[in-house]
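Next up, some structures in structure tokens.
Look for chain A in each of the two complexes below; its partner is chain B in the first and chain C in the second.
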Partner chain A sequence: MGPGSIIVRNLNVRFGEAHVLKDVSFMVGSGESFGLVGESGSGKSTVLRVLSGLNRNWDGVVEIDGNPLPQRPDKAFFRSVQMVFQDPFASLHPRMTIDAILAEPLAIHGLDQPDRRIERALAEVGLDGGFRFRFPHQLSGGQRQRVAIARALILEPRILLLDEPTSALDVSIQAEVLNLLQDLKLRLGLTMLLVSHNLAVVGHMCSRVAVMKLGRIVEEADIESLRKQGGQDAYTQELIAASRRVALASA
Partner chain B sequence: MTEEPPLVEVSNLRVRFHTPTRIVEAVRGLSFSLGREKLAIVGESGSGKSMTGRALLDLVPWPGEVQADAMRFKGQDLIGMSGEARRRLRGRHLSMVMQDPKFSLNPVMSVGRQIAEAYQLHRRAGKSEARDRALAMLEDVLIREPARVFDLYPHEVSGGMGQRVMIAMMLIGEPDVLIADEPTSALDVTVQAQILDILEKLVTDRGMGLIFISHDLPLVSAFCDRVIVMYGGRVMESLPARELAKGQHAYTRGLLGCLPDLDRPVRRLATLQRDESWLRGG
Partner chain C sequence: MAGLYAYLTTETPASRRQARIGQAYRQWLALRKNPLALIGLIIVVALLLIAAFAPLIAPYDPLAQNLSQRLLPPSATHWFGTDALGRDIFSRIIHGARITLAIVVLVVISVGPVGLMIGTVAGYFGGWVDTVLMRVTDVFLAFPRLVLALAFVAVLGPGIENAVIAIACTAWPPYARVARAETLVIRNADYIAAVRLQGAGHGRIILKHVVPMCLSSVIVRTTLDMAGIILTAAGLGFLGLGAQPPLPEWGAMIATGREFIFDQWWVAAFPGLAICLVALGFNLLGDGLRDVLDAQ
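Right after this comes the complex of A and B.
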């Protein structure tokens, strides 16, 4: 498979006694957007942590760009896979300026022309240069999440892992951030793996989705077929019903 | 019933923050009354909805200043009341579930002990009775192993569980009015529905008044009786919850328009166009 593809086969993760991922398998094609939905504790975030190299204790086969992911990936790997976290209030260092936050990954990876790259990254997420020397507390939630996206993109990754990127944001800001992610994906040809508990958000962003429950994938489907036929699994049906109930109220 | 004053009456509430450079007006002239019903206050962050709840409880942080033509709880004047009397109302009669369990729970005390403490304080109960009530309360908010969770510290519980712990703590005093600030935003859909059922029961069975602060319009439309839509500290619109979708104000329409919908896929989501004139007049 091409650059930016992800293959996961029989992924198992245990934390002591707890078996948190049980034979998880799925594939994401190059440039595809794939969604993972499920309750908290179902293992969605753990999948992302394995793929991003943050969790080094796993069994199974994971291939990124067609190459097997080692238990201890090298620096080049971290450059190609970047993650955006849920809470923009917690994921940015409170005592570093936006400039320092964006310069750090560049310094770690020894990239040239940090000045130009920082300027470009901010422009890409729709923030003007005036934000560059501010601190995170001087920014709104939506602006902070844009900075977090800029920090991920500044290394020019092929794969973007998104862990509930908009659930801490207002719906109006959510719409702006989702539009931004769509634009970036098209422009940069990114592969995206989006974790969310909101099926409507996943439906808007992704073409395929896997539903997780208690560490297993209970169903994998096209959004289109979920929309038309509903899910096979009872839990999927419940999620669809919940998002319809919510949608009906505003119809 | 007709003789009874409303649970809460607020007229022309203003909350201001005096900063060295300017005066920030968080709430600008809000009026409403609450009966034994579910009233929603919706709006984006910064619209003043949380400050409204805090003003009712006398919990507006320094240097905030609260003014109102009238603010009454069951006919008692809250503005002229002493801090001591306000404190006695708080938790026992008027209670608020804060938005973020991570910042609102005591990090060095087990969650169960915090709930029991609330009960002991309001009910003058003994330790073991308080512990039993706290365990029962944890069960009521659908925590599966109350005895195990009782001894956990806030950093050991998930966001959703922390939110349920907060709800348990606020309900254990059996308040007449509960102000819930985004009580279900960190919860999964299934648990969310169950928590809403609990709140619903308290309103219908016990006659509690509920002020439900949220930015989730579809949710409040389905769950609440009335909705106040706020923007920039002002009321944009006030209408029955069922008719929220038919809201006329451009702000209400804008908020509804930017929600993704599983059944109506669009290439790009609409974004909200804000209008300066919303903050003038009215």
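Right after this comes the complex of A and C.
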């Protein structure tokens, strides 16, 4: 498959004795939004860490952009795949201004016109120039997450990995950030892989979803068919029922 | 004035420099709220000024001997009295500030970077790199500081330069420890993972992202340590292995005053007071800086 696609076949990850991912396989087409849901410890974040190149200890076949993922990814790889972390309070360097944080990837890859690129990246995530020279501690959680998204996008990747991008945020801010991501995806034609424990978030963002449990994918389905028929697998049905209960409780 | 205040405290700085100055200004405001730290700062600044203008402040030549005026008690002509060779103790203490400051500065600029590099590299890479570097550190830590410094000076020969080298060799391990402990926490932080995902190499991650996070604790450690450095230098001087006569080093001055401590107390007391005051100043400042730099 072409640029922006992800193919994972029989991915296995072990941490010592623990077998964390067991034969995980899925495919994400170019420009598609794919969700991974499951409870904590189901291995969904580990999948992201493998795909992003952070975890270098894995077996199986992973193809990104049609090229096999090397065990030790080179610089060029990071220009096509970027990731947004869960906690925007932990993912921005506390002693660097927003400007310095955004300038860093540009300096690493030797990209030209850093000033223009930084301004554009901030504008893209809806932050005006007044934020540029602030420190992260002067920003709210939602603003920080926008900065983290801007940092991921400044290298113009084709694939964006999202690790629970809204779960550390206030409910009122969550929708804002999700809409921003949706909007960016449409505008930039990004492939997105979204990890979440929240079915509602995945349902809002993704067209297809894989349900993970104890390191395995138990079911893969269209969001639409999940909505209409519930899941095939007992665990999926449980998850859907649970998320409906939460939705009712919070409504 | 109001314009300057607005420039410094704005929430939306317009340039890199303004952001940095604003940050420094906020830290200064925090430091100013702490009276003890301010006292420490005043003492340290006073030491700097005294060292800079020593020849202008000192009423006498610190080396001029006058045997007809030996061991005079403090008086209007000799504020701190005179020593066994008739030299003015006040003038000697003023000039001694230069030596003390030189020793402290030389030790700090050699120890800080070394400790920081060894600690961050060990903490960042972990594994056998960590093991090797930390065992070396442990070896240096295992000896009492003054004893190890004595051994170095014994090999290198007495003198201020060698005292500095000896103190530097014994002073870096705690810095490496502090930096390593900080790095162990920092290296798993998301913001380090994020730069790694941008394709940054190890050198860049350590220098640009890990070191700045360790810097504040190392700076605090340094200011707290300066008192110890001064005391070690004074100790070496006291034992005759640091500054050599006739240099007016405070430790050496106490050593010569030892013979007269019961009858002519001022010979040893005033240099001792100077050491005490400067050590206190650095300690207070270090405590204050810890509060300021750690606060986010």
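We adopt the following convention: the second predicted complex is superposed on the first by the 247 of 251 C-alpha atoms of A that agree within 3 Å, B and C clash if a C-alpha of one lies under 4 Å from a C-alpha of the other, contacts with A are read in each partner's own complex, and residues count from 1 in each chain.
Here is the rule we use: a residue touches a chain if its C-beta (ideal position, glycine included) is under 8 Å from a C-beta of that chain, and two chains touch if they have at least 3 such contacts.
The structure presented is a predicted model; accordingly, all values stated were derived computationally and were not measured.
Asker: With both complexes overlaid on chain A, does A:53 touch chain B (first), chain C (second), both or neither?
Answerer: In the superposition, A:53 touches chain C alone.
Asker: Could you look at A:172 and tell me whether it touches chain B, chain C, both or neither (first, second, both, neither)?
Answerer: Only chain B is touched by A:172; chain C is not.
Asker: Considering only the touch criterion stated at the top, classify A:105 as touching first (chain B), second (chain C), both, or neither.
Answerer: Only chain C; A:105 stays clear of chain B.
Asker: A:155 in the overlay: touching chain B, chain C, both, or neither? Say first, second, both or neither.
Answerer: Touch partner of A:155: chain C, not chain B.
Asker: Check the residue A:134 against both partner chains and state whether it touches chain B (first), chain C (second), both, or neither.
Answerer: Touch status of A:134: second partner only.
Asker: Just checking: does A:93 make contact with chain B only, chain C only, both, or neither of them? Give me first, second, both or neither.
Answerer: Only chain C; A:93 stays clear of chain B.
Asker: What is the contact status of A:83 with respect to chain B (first) and chain C (second): first, second, both, or neither?
Answerer: Second partner only.
Asker: Quick check: in the complex, which residue numbers of chain C touch chain A?
Answerer: 11-16, 18-19, 23, 189-191, 193-200, 204, 208-209, 212-213, 296
Asker: Given the complex with chain C, which residues does chain A contribute to the contact?
Answerer: Checking each residue of chain A against chain C gives 52-54, 74-75, 77-79, 82-83, 85-87, 90-97, 99-100, 104-105, 108-109, 130-131, 133-135, 137-138, 148, 151, 155.
Asker: What residues of chain B sit close enough to touch chain A in their complex?
Answerer: 44-46, 158-160, 185-186, 188-191, 193, 215-219, 221-222, 244-245, 254-256, 258-266, 268-272
Asker: Tell me, which parts of chain A touch chain B in their complex?
Answerer: Touch residues, chain A against chain B: 39-41, 140-141, 167, 170-176, 178-179, 182, 197, 199-201, 203-204, 223, 226-227, 238-240, 242-247, 249-251.
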